[in-house]
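Shared chain: chain A. Partners: chain B in the first complex, chain C in the second.
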Partner chain A sequence: MKKILVVLLVLVMASTMVFAAGAKEAPKAEIDLQSASWDQIVEAAKAEGQVTFYAWYFPDYFKEAAADFEAKYGIKVNLIIGDQTANFNKAISEKDSKVGTIDVMIVGGQWVKNTMDLDLFYGPIKDIIPDADKLAPSLWKVQEGVMTNGYLAPFHRNQTGILYDPQRVSNPPQTWAELEAWIDANPKKFGFNDPSKGGSGQSFVHTMIKETTGGLEKYVGDSEVVPSKVANWDKAWDWAYSRKDKLTFTVSNNDSIIRLNDGEIAMTFGWDDNVKDMMNKGNLFSRAKMYIPTMGAAGGGDTMGVLKNSPHKAAALVFIAHITSKEQQQKKYEMLGAYPARTDIALSGTLLTEADREANALAWFPAPYKTLMIAEFVKNVLMK
Partner chain B sequence: MKKKDKMTPFIILMLIPGVGFIVFFIGSSISITVLQSLGFFNMMGESGFTLGYWKSILSSREAIDSLLFSLRMGILSSVGTVLVAFPLALFFRKSGPAKGMLGSIIKVPLFIPALVAAFLILNLISYHGLINTTLMRLNIIDEPLRMLNDSFGWGVITIQIWKNLPFVLLILMSAISSIRDDTIDAARNLGAGYWSVLFRIYIPLAMPGILVAMILMFIKAFGDFPITSVAGPVYPSSVANRMQIMANLYQEWNQAAVLGVIIIITTFFVIWAYSRFAELVQGGA
Partner chain C sequence: MDKTMAMPLYLIKKRRIKRFYLMITLFFVIIQLLWVGIPIFMAIMWSLVNPDDAWSYPNLIPPSFSLEQWRYVFNYTNIARALKTSYSIAPLAVILSFLLSLPTSYVLGRKDIPGKKVFMLVVLLPMIMPGMVVALFLSRVFNLMGLSQTFLGLVLAHTLMSMPYMIRVMTTSFASIPQDVIDAAENLGAGTFVKIKDIFLPMIRPGLIAGMIFAFTTSIEEFNLTFIIGTPTFETIPTILYSFMGYNFIRTNASVVSLLMMTPNIIMLFIVERFLKSDYLSASLGKM
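Presenting the complex of A and B:
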């Protein structure tokens, strides 16, 4: 029996290797997408007949957008709303196959560095997508501090800021000194999440580093951490550690909002799209206000990328053009309150104004610094 | 002497569904996790043998704190659940008025997913939850207590006990119901009081059931992900949460695999310790 089990185990391992190595040849595109006209790409997309799109949020909107796409182009959309991690694990596990099963996918900030490092996406696509110049220009170049250089198309913008209860905060802070004074005067009433568990907490720590260690300009363009540039980060950790008893640490972006709604805290950092969604669902009182303080808060957005081994690249490009079209961006905003990536749409009822964004929104520092920031915050503040 | 069955092709064919499942699905996933922890099956870079990932995890204070936290949750949750369930199992030993209904109510958490259970308990202990509201109405406290995500993990232990009580109760009830009334009556006739009967009859005779309940509870609580991610402290994370952070946030899949192997090894060790302890108990009885 033991021998049989050993043989079976060997067979399992061997079959794993065979499956891993087995790969079909990718069908060659009949046209060169980089030089073809948009009409030729649309024709090629129709000939491909289908596109598989992976997302992990906004299911109601994407179902409608897919139906609109099918009606407009006659191209079938296989819409997969999966788990974020599972989507990327699938894309990464298929990266060595010449033909993958995903054509186009949403790329969230957390995954940009790895997917770009792994050379997962086809491109650049910026010069192919019509109206590309109308989409958030900075997000075409950099996402979460990672240079994407036109490979990933912006389709959604989001921004962090201070979220507060106006009944309990009469004069919300704009500068770091004002925030510091408010926290000292109102212990435990300002909260933010552990940065290893959500982006709004990362944004607060990012601003904290900016304010306590001399700005963010010195990090621009770095692809690796320069030790001399982070040598004074202990000032930031000392600031947070010395106020540990006056701060409330939460466990997620949503947890911060829930605690604000529950009255445990009066002020926190949040994502505008997340806050709007919580308000729409009745999980946060409608009197809550949000703004970007003059000291700044990080923002960014999500993008869409065409997989290098996509079997329907033309259809994937046409799908991205569809999602980033004026009509669809407007529809997304109306359905979800989700801020469009297009800059040529007039919006009303937004939590944050375009002027606020232009004046006070910060770009994230490069991804290696962000990773270090999260690890060091846990080590120097939470762990102590 | 019993004749040994010969392995015929027919017997092998019949064994394939059971043994095949274990070998292909459980065996392969465990072996891949072990190999990943040693540098093979690397998702992000070059693959090759190295003990570097083990060294990184074993020298990381975050990982050690996570391991100690999970051990604490495993031990206290298993002991706590058995302590709460054992008197209930004694109570339900004999049928009585309303016991059927009570027994049904107490089994409700068995059918509630762990994540939902965590959120239910959070409603009780949140800032304006039932406990704080009651204490404030009774003028016992002036300001609500901050009980969410406490640093020790009492919230996690409470939820583990609440969620797993019916499961442990079923095991203990089965163990206690096998104790014959004659034994209890004989002890009583010989002058044993309630505590003597409890400590010298019920507990020793129910010990195999107690051990099984504790071991299963430990394994559940030690490797728990949903309850600690919702109600656990901000720091440290449980080992399972740490695995998720290492894999998804830092993209350190091999180090996540090391943590996975640590969970597997700890579980096997606890099962081994259980079997040794069970042998000792049976040997001493």
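Presenting the complex of A and C:
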């Protein structure tokens, strides 16, 4: 018996040693990335030899984009498609390490405030990335109400709007009064997600505040919440609370789409890129229609940031340049139908029209208001 | 003549009771089958949805079937690498947690030591605390020890998460061994080695196998700690599954990965079930 135990222990230790592969310290970029020429950065990236990229969606596109990158630059891409929350928890857990394991990651609206507050990213990178001026200019400055000041590169634009089943909704609402009347006439058939769990629900509550408390103009430029400006937000909470039995609250952006597909609801707020992705994968019927109502809905986009403790910063920057290149942006659009961040690409066949976006897309109010909006909605509507 | 008329009343009653038990058993079997079967059936259906022909209300089954969702997962995720890593770590984590739990369980099950209850509670802590909280704190320790991004680190992490189950089940097994069997063996001259080989190990076998199943499935399903300290160097099946299950929940892809994760576990359970049939402990107590 003793022999068996010893043999087992030796086997365990030996096999772990065989498999053990420590994270190798990458050669550091010896150049100053802020002042180096692009060619020097590409050279440094090639010397680094690899880049680790964390995302949580579009595995199909990113896998192909990574293969294109490897073929073009000879730099290996470690592509990890994780979970949004887990990705950020990992990045935050490594924040104090001198050298982290993530080079570049997608930053979604849900996490942009936390990560900017935690000073997680290297930058600004706007003056380093070639063609930066071709990428949605507003998204270089502000992402979902948070000032990002050139630290996060836009690679993808998206827009919220009303998604509905045309077989069950014949005359979709355009104004707040029409939506109100539709909800009253069709209890539980309109849904949106808990705003603490996803941006489409936030967008609905954002529009609700706009419509019930007198517009969004008064918040422009504020860097913190002005109490007098939010004093009448109880009107918005009263509106939602008094209709609590007629509204369906879902748990995520995708859950809203799933419930529409399952027939539980007939209309919801959704992100255009999510909707397209779910349609492409057979998770939502192709007859679904989407539009931005005249009362408005917020839009935005996702960005990519280079981690401050990234072991391969030059390669990370070259990877961002690759993803934001015209060729890759076009490819992403063709594969997924998702709106590119570049403004110099002509598009056709999008779920939402360019005219819709120009006329009805809203800009988010500043981040402190958005944080307050989420907390107050949960407190005054969901928990009440 | 009607046979039941001639049958004594107690026999009719007995038959009715038998029929009643049969109905109850049948009812629970059906419920159990539905309980386990429906989610698996739904996962299979969703994994076969044709992306060009969505499965939506009011269709009860997908309008057309395709293997495209399977192709998608194999083409666009690192599932092959993840399967290899998961099934390399799990057996090692099971062996290691068995070796480490054996002495602990023996002491907790058979010896009276001060603070035994507190120790039992401490052992269960990794099970009680939320996974991500444990992962975030432990990742610091693993970083300091240079174990992050290593296979050894992952095996140790999985061992740590498996041990509470192993210790808990084996402690109960050790505690159930009757002292008179050990005394009898000692009277017949059995030494420590003989006692371990011929009494303890055979008698704790059902518990050991149950603990191994728990440890194995815990390892296969462990996400938080693996994601924090293992990726990007290592990916396991749950790290892929969570990309389709979390914020970006996509039923079709999630179903494929769930089935991939579930199938080997079910096969293993059936194999283990065979070992569980010979129960030394029951035999020793004359209850077999």
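Note that in this section the second predicted complex is superposed on the first by the 355 of 384 C-alpha atoms of A that agree within 3 Å, B and C clash if a C-alpha of one lies under 4 Å from a C-alpha of the other, contacts with A are read in each partner's own complex, and residues count from 1 in each chain.
Here is the rule we use: a contact is a pair of C-beta atoms (placed from the backbone, for glycine too) under 8 Å apart; a residue touches a chain by one contact, two chains touch by 3 or more.
Model, not experiment: these values are computed from the prediction.
Participant: Under the stated touch criterion, which partner chain does A:329 make contact with: chain B (first), chain C (second), both, or neither?
Facilitator: neither
Participant: Is A:202 in contact with chain B, with chain C, with both, or with neither (first, second, both, neither)?
Facilitator: neither
Participant: Looking at A:85 after the superposition, I want to know if it touches chain B, chain C, both of them or none. Which is it: first, second, both, neither?
Facilitator: Both chain B and chain C are touched by A:85.
Participant: Just chain B (first), just chain C (second), both, or neither: which does A:371 touch?
Facilitator: first
Participant: Based on the superposed arrangement, let me know which partner A:379 touches: chain B (first), chain C (second), both, or neither?
Facilitator: It touches chain B, and chain C stays clear.
Participant: Which partner does A:148 contact after superposing on A: first (chain B), second (chain C), both, neither?
Facilitator: neither
Participant: Please determine whether it is chain B or chain C that touches the greater number of chain A residues.
Facilitator: Of chain B and chain C, more residues of chain A lie in contact with C.
Participant: Touching A:114 in the superposition: chain B (first), chain C (second), both, neither?
Facilitator: In the superposition, A:114 touches chain B alone.
Participant: Pick one for A:194: touches chain B only (first), chain C only (second), both, or neither.
Facilitator: first
Participant: Would you sort A:262 into first (chain B), second (chain C), both or neither based on which partner it touches?
Facilitator: Both partners, chain B and chain C.
Participant: Can you give me the overlap between the chain B contact set and the chain C contact set on chain A?
Facilitator: Residues common to the chain A contacts of chain C and of chain B are 1, 5, 8-9, 12, 16, 85, 93, 110, 262-264, listed in rising order.
Participant: Which stretch or stretches of chain A touch chain C in the complex?
Facilitator: Against chain C, the touching part of chain A is residues 1-2, 5, 8-9, 11-12, 15-17, 19-23, 52, 54, 56-57, 59-60, 63, 78-86, 89-90, 93-94, 97, 101-102, 110, 198, 252-255, 258, 261-264, 277-286.
Participant: What residues of chain A sit close enough to touch chain B in their complex?
Facilitator: 1, 4-5, 8-9, 12-13, 16, 85, 92-93, 110, 114, 117-118, 188, 194, 196-197, 248-251, 259, 262-264, 371, 374-375, 378-379, 382-383
Participant: Okay, in this complex, where on chain B does chain A touch?
Facilitator: Counting only chain B, the residues touching chain A are 7, 12, 19-20, 23-24, 27-28, 31-32, 43-44, 61-62, 65, 126-128, 144, 146, 148-149, 229-230, 232, 234-236, 245, 247-251.
Participant: Where on chain C is chain A touching in the complex?
Facilitator: 49-58, 62, 69, 72, 75-78, 88, 92, 95-96, 99, 132, 135-136, 139-140, 143, 146, 148-152, 155, 193, 196-197, 201, 223-224, 227-228, 231-233, 235, 239-240, 242-243, 245-253
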